[in-house]
Amino acid sequence: MNIIITIVVTALAVLYAGLFKAKKALLPLTLVGLVTALAFAVTAWDTNIVYYGMMEMDNFAIAFSSLIILGTIFIFLLTQNYFAEHSENVAEYYTLILFALSGMVIILSYTNMSMLFIGIEIMSVALYILAGIRKKDFASNEASLKYFLMGAFSTGFLLFGIALIYGATGSFSLDAINKYLISNHQSVSPLFYPGMILIMVGLCFKLGAAPFHFWTPDVYEGSPSLITAFMSTVVKTAGFAAFLRLFGGTFAPLHDFWMPPLLAIVFITLFIGNVTALFQKNFKRMLAYSSISHAGYLLFSLVTLTGNSSNNVIVYAAAYTFASIIAFAVLILVKQKTGGDGFESYNGLAKKNPFVALALTISMLSLAGIPLTAGFIGKYLMFLNVMTEYHIYLVAFAILNALIGFYYYLKVIVAMYFKEGPEVELNAPVQYKLVLILSVIITLVLGVYPAVILNLI
Amino acid sequence: MINLVWLVPLIPLLGFVINGLGRNTLSKSLIGFIGSGVIFISFLISVSIFLALGNDPVKSHEIFLFDWISAGTLQVPLSFLVDPLSSIMLLIITGIGFLIHIYSIGYMHDDAGFGKFFSYLNLFIFFMLLLVLGSNYLVMFIGWEGVGLCSYLLIGFWYTNSSYATAAKKAFVMNRIGDLGFLIAIFMIFTTFGSIEYAKVFPQVAELMPGDSTLALIALLLFIAACGKSAQIPLFTWLPDAMAGPTPVSALIHAATMVTAGIYMIARSHILFDLAPVVQHLIAIIGLATAVLGALVALTQTDIKKVLAYSTVSQLGYMFLGLGVGAYTGSFFHVITHAFFKALLFLCAGSVIHAMHHEQDMRHMGGLRKKLPVTFATMLIGTIAIAGLPPFSGFFSKDEILAHVYEHNQFMWGIAVFTAFLTAFYMFRMLFLTFYGTYRGTHHAEEKIHESPSSMTIPLIILAVLSAVGGIIGIPEVLGGHHWLAGWLSPVIPAHGSALSHVTEYMLMAVSVVGVIVAIAYAFVKYVKQSDLPVADQGKRSALANLSYHKFYIDEVYDLLVRRPLDALSRFFYKVVDTKIVDGIVNGLGWSTSEASKGIRLLQSGNIGFYIFMMVAGIISLLLYTYLSL
Amino acid sequence: MDNITQNLQGVPLNHYIWLSAIIFSIGVIGVLTRRNAIVIFMSVELMLNAVNLLLAAFSVHNNDPSGQVFVFFIMVLAAAEVAVGLSIIVMIYRNTQSTDINVLNRLKW
Amino acid sequence: MGTSVFYLVAFLSIFFSLMVIFAKNPVHSVLYLIVTFFTFTVHYILLNAQFLAVVNFIVYMGAIMVLFLFVLMLLNLNTDNEPLKSVLVKVVGIIGGCCLVVTLIGSLKATAASDPLILVNPNLGLVKNLGKELFGPFMLPFELSSILLLTAMVGAVLLTKKEKV
Amino acid sequence: MEQLLILLIFLPLAGALVTAFTGNAAKYVALVSGLLSLAVGLIITAQFVPDASTQFEVNVPWIADLGIHFHAGIDGISLITILLTNVLIPIIILAAFKHEYPKPQSFFALILFMQAGLLIVFTALDAFLFYIGWEAALIPIYFICAIWGGKDRIKVNMKFFVYTIAGSLFMLLGIIYLYLQNPADNFEIQAFYQLNLDAEQQGWIFWAFFIAFAIKMPVFPFHTWQPDTYTEAPAAGTMLLSGIMLKMGVYGVIRWLLPIAPLGLNDWGSTVMVLSVIGVVYASLIAFTQRNAKRLVAYSSIAHVGIIAAGIFALNAQGMQGAIFQMLSHGINVVGLFFVLDIIFSRMKTNTIAELGGIAKTAPKLAIAFLIIVLGSVALPGTNGFVGEFLLLTGIYQYNIWAVVFAGLSVIFGAVYMFRMYQQIMLGETNTLTAGFRDIQGSEQLVLVIICVLVIALGVYPKPFLHLSEASVQQLLEQVNQKLTSVK
């Protein structure tokens, strides 16, 4: 609760600060707020406070909130001049990001369907707007509209699902629903099943899992890169946590029912994400497709529910988040220099700025899942997770997809190291360097010594 | 003394190292001194070992040096076996080797690669000694391949001439074909008898029944190995080509020592062969065929060394024939005498070539006997010896083989004795063409012809003496001797007396002697009296002569049947199978993935309506699942 | 008022569900078949209202007011979405002079 | 009379919602939508959810629909100039929708079919009752929905405001 | 004692870090690091007691929650590979001295980094650690080959990378499976050995592991990445790939595949044998007509590895010992061959056989060294190649006589293509290109002398090396055979 209040208050403070043209104060203010929120999160460890039966700050929620807050801090660090170049309404953007973050904290900790719904909508509505803040940019417009229309459409399904669940159980409370499932295990109301499926559809849409992924590449590509970074890392993590909370917890008794369709979704997601990413010539769009495939890997944790599922997700999400942040940070830098985000813009980057190139290399290796990076540990945990029920075919399929993944992740490394590019200076501002260094360190530490995060939850 | 046998190969090895490292820095005389000196020391040690062995009641000594290879039950020590067989081989190798080293000092004097040459020769002696001294098949195999290597190095000694280099390669590869047989035989011996030590294998072999199939296979494989090394059909074509090397090399390696390794090996394992009659029979046939083939080809060759080379092939065939009919002692006897006279002949030929400034074509020689008196005299002795006229050495050894052949199969004897006539004919043809008649080269060249230096002629004389009297070590009882060699070898190879009556033996000798004299006479008539013939030789030949001249086109046949198909197969494997199929599948997987990517990404059409439609389709399927699963 | 509620007693819950499902699907069809962003958006509103009706019916059936409370939240969302959605459409219209969704398909593949 | 009122209103709801999506002119669509919402209000009344009915009437028919109409007029889209989707797309869309209906209803088929709706507590839908619920257990989401509205407000302003830069 | 092992593994890592920041002096730093590692390796060898036990064992929890330990140790088999690595790395570094590589510090650091990965692979007693090392060795070599390679390097190395990692991912799958089957919940190799899996499970495990190893070695038909990669890689890369990296696969088969999935071997061993033997004949034949010397040697390497694989799968002491010894000698020989080709390439800018010739005349020292190495690689008795090949063929013979007949063809074919290459490059008359060939000197000479000495020394007195691994091999075979018989 403290976390949400802190974030929202920060958001409002920023909004007012913007009103009073205190531009310089915006970022520090935001960071202070976020750090405070992070501190609240960390100190709330193991307290397990329940708010009004609507929210529960259990360790799961705290771990994920810490992760997303940290991710958001990193993204804010990257905002230096990013918005200011295009608009004077920086404060509003900050506010919207913070609002979205507060929505995410809600969906990490909800214990009631209404909270899930409200949280998702706060997050989504903010994002619809953020996707379109480049008002003159057609791509941004298009991203915004696509996201909005499809998001609203999918919300309909989510709501229909919630309604059906409500009809079956007579309650929105996750506890009550779970109790209902356990006590009526043999005679669950037939309304429940389609309800569950429709909720799955709604959440899969937010995750960008196929075949509900279609918005992802377009929106990711069209949105401003920083917002894309936000969406593909923090938002995805939060969405996944929400998914996990519901299906890994409340709906777990019906695992046998919803697992097969989920498995199908995993298969399609992996396949579409990886295969389509292969042919991309645009780095940003490639990252979008790769984020689809990562959603597929993340869903592994739900294919087999074990005691470690949620922890595996947090490891994977952390690995993915920080690697992606590096990728987007470099993307922004390169785009500012060369004006393009195709692979060819990265040609010869290793010569222009070896450090940035190295960071991006580590990020790519992590995304590809090479050992000694966090990405490998994440993938390994996911594989291990589904292997406990011997879904060997799934892992084998995932491996084939991972191979495709290697191919396209290496493409950018190839461009940076092995191709000649124009001799342009590329200097990373201090904040970028900070983010890159921290992210690289996190990626490597998690890869070499993941024990720190393994038994968190 | 016998325990010091390891010094025998080690000293030449030292010579190799010193000469090899100092080849550019040491003076030629020093190199020559070291090169021959080490062999001489080895020779002295060999002699003392030989004498010691003669006085020793124990005729077989195994000298263990160190464990070489061991894996599981396979234990291969590097150890030497000194027994009558190997001790006599030591004498031949070091003795003849020494003479040839001395000879080389003169022969190679002007060659830039003098030091290299001596180091190679020393290395060769080392490996050859290893071959005969080894107390197990693997040590023999080291020597076996080692001499092959030296043969390679020495054939290709003048490597800038690429046809020489090719000849060297050919020799090595053909030997390798045999070597594979040897290797597999070793594996079979190891798995069958649990060891490859002679001392452990042979007693076990002796307990087996004749005709044992494993044994036959082992014998066959060993024989294949011998075919390669000793230039038997079908692996003989490398030997004539090997004449590309300097002549002392031909004398040492390709006449006196290395090529007889096959005979040594079979004699060494005769127990095996005795129990494999089928293989023995095969050996006899192959040996006979090789003898005939070699002789036929030698009839028409014009290169002096080629004649000798084919003669060597033919003589080796003789030895195999002997082995095939069980005349191990006889064959070994022939090895010894052949070593004397063939080394002599080659060295004489070398002397001629040296005098003629590397002219090897007999059509450009003639009438040299006055200019090269020593060479002529020694070569005459050698030729008589090989032709098999008594009392020269060749007579006794050849006769012993022929007698056994007669005992074995009279038809084969007929062919063998006919081959002996051919031998006499072509050898004297060579002699007459070279030394008789008038000089056929240019006048300018004629003036430069001179007798070789004494470092070359002295070995010739020594060898000539040996060729002449070498036969005394094996005078058969029928001629009043008691065949010392057979007695000496009896601990290794049990002597078995001839079943032939003395009358028959006399008759056989008479037939061969008379035939040989007739053949010589015919050659004399043909090449000395009708002295225009060498010129006519350049004209049209009869079909048969043509076949002989072109060595029965065997090289061409091999080229057509083996080399080209393999090369074609190689190209096919590379260009079609590897690139198109195996790699094609791998690349095809990549390609199809990227094509799939190209296709699937089109789903991302950018059209919201389509996206939503796909979503709805997904939802419908999921609901359908729900409907069906309830 | 009592009279009206008495009338209700006979309607099976199923029929409410069917009605909602049908109207929801009509909304979906609208989304699928129309190209005007505003009309598509209206179709979405139709879907949301179908859910509202369903919730209300369940609420009555379960004798639990929370369903109806949830409807308020949906209305809040509808209001928020309309505000945001229409402003997005307006923004796009300013750029493209059109509300046709097919005009916007620059981002693809 | 009995339940027939429900069926009549249900029929009207379906009919007008069909009109919404098939009307060529967006303005007509809006108008049909308003009618449709009106039928919903009737449904709420039938369900004895009076407060809901009132709110529905005010918020949807009043505020939201007016906003729609306003935008349509503002953008001058009151003509039926919408380029039509191809017939194929329409047919496929309709078929898809029908499939959705079938599967949706199909998967709900096994509900206690004729379980009639019985109003146990006539006061269920009254303001007082709902208020207790809203400011009791649902306090938190209620508060948080303010963030949602605030977000929408900030966003709407942000997006429609003309940039100076 | 165990400090030595720690030192062994982390010294190269430290060396890599130092090298990375030293600029132009990198090569010296790297060489020092390599020599120190070699010294550590020699000390370990000196202290090693040649019995079947695992020595210098280190076992500390690493990711304890997942049952992952940093568990490494050395037995006879791994010691050979460690020696190979630590001997070859300084040689390879030295061999790279003459090259003017851009960014030498990265280049040498990557080599040392790879060394650390290799040493982990060769010492790991924890499957997870093994996998980590396995991949950790791949990344540096990928960069080495792709940054400093030839003009087709990008495409070729992409294939190499994806291909090899494809194999290793399936191995990871196998490792996870074994972990889940292991009641002790860890990755201990001993625990894996003792699992009681049925024949079908072992069959799957067998393939999961085998494909990884087969691609690395490479065994026909998984070899097509190799000739291209060898050809395009920079000399040091080729040496690393062929000299050491290839042995990872061989080592993996011996250490992991055989004891864990003996029943799979029972079912599939003959298939693998057939593949290996096909590979021998096939690659030898292809080598016949190769125009590029590097490519020729690459194919010859496939043939050699085919024999090694066949020897291992023959599952007897001779084959196994032969394989281990051949790892060592093949590593030395192939590094030598590639180094000679690199010398030629750096002077002539070509490795096309037909364009060369007569180099022996201008560079006699090089010719001698080259000849000795060629002899080693055609397994002439008295060279290291023979000892290995003889033992291998002995082992294969005991498996099947026909296998040895075909595998033995390499004895002939090897001579054919090697001598063909030698003749065409070194012998004959010089041509305009080779007339000005400079003979070897300085570091080149040093490297070649070392290699030649090793070629002959190992061939003449292989006993100490064979002895090192003997007890371990014996134990391994007993273990495997025991499992096989207990099932029958």
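As written, the chains take the letters A, B, C, D and E, and residue 1 is the first residue of each chain.
To be clear about the criterion, a residue touches a chain if its C-beta (ideal position, glycine included) is under 8 Å from a C-beta of that chain, and two chains touch if they have at least 3 such contacts.
As the structure is a computational prediction, the values presented were derived from the model and not from experiment.
Between the contact lists of chain B and chain C, the overlap consists of A, D.
The chain with its Cα centre farthest from the Cα centre of chain D is B. Centrality by C-alpha centroid: the chain sitting nearest the overall protein C-alpha mean is E. For the interfaces A-C and A-D, the C-beta contact count is higher for A-C.
Centroids of chain A and chain B (each the mean of its C-alpha atoms) stand 78 Å apart. Taking each chain's centre as the average of its CA atoms, chain B and chain E sit 37 Å apart.
One finds 103 Å separating the Cα centroids of chain B and chain D. One simple way to say how far apart two chains are is to compare their mean CA positions; for chain C and chain E this gives 67 Å. In chain A, the residues touching two or more other chains are 114, 117-118, 121, 125, 128-129, 132, 135-136, 145-146, 149, 153, 164, 190-191, 193-194, 197, 217-218, 407. Residue positions of chain B touching 2 or more other chains, listed in rising order: 590, 601, 604, 606, 608-609, 612-613, 616-617, 619, 623, 626, 630.
Taken residue by residue, chain C touches two or more other chains at 17, 24, 27-28, 31-32, 35, 41, 57, 61, 66, 69, 73, 77, 80-81, 84, 88-89, 91, 101-102, 104-108, whereas all remaining positions touch fewer. Interfaces, counted as pairs of touching chains, are A-B, A-C, A-D, A-E, B-C, B-D, B-E, C-D.
Partner chain E is touched in their complex by these residues of chain B: 66-74, 138, 141-142, 144-146, 149, 152, 156, 159-162, 165-166, 169, 172-173, 176-177, 179-180, 183-184, 186-188, 190-191, 566-567, 569-571, 573-574, 577-578, 582-583, 586-587, 590. Per the touch definition, chain C reaches chain A in the complex via residues 17, 20, 24, 27-28, 31, 37, 40-41, 44, 47-48, 50-51, 54-55, 57-58, 61-62, 64, 66-67, 69-70, 73-74, 77, 80-81, 84-85, 88-89, 91-92, 95-96, 101, 104-108. Note for the complex: chain B touches chain C at residues 601-602, 604-609, 612-613, 616.
Across the interface of their complex, chain E is touched by residues 365, 370-372, 376, 380-381, 383-384, 387-388, 390, 392, 395-396, 399, 402-403, 406-407, 410, 414, 417-419, 449-451, 454-455 of chain A.
In the complex of the two chains, the chain A residues touching chain D come out as 4, 8, 15, 51-55, 86-89, 92, 95-96, 99-100, 102-103, 106, 112, 114-115, 117-119, 121-122, 125-126, 128-129, 132-133, 135-136, 164, 189-191, 193-194, 197.
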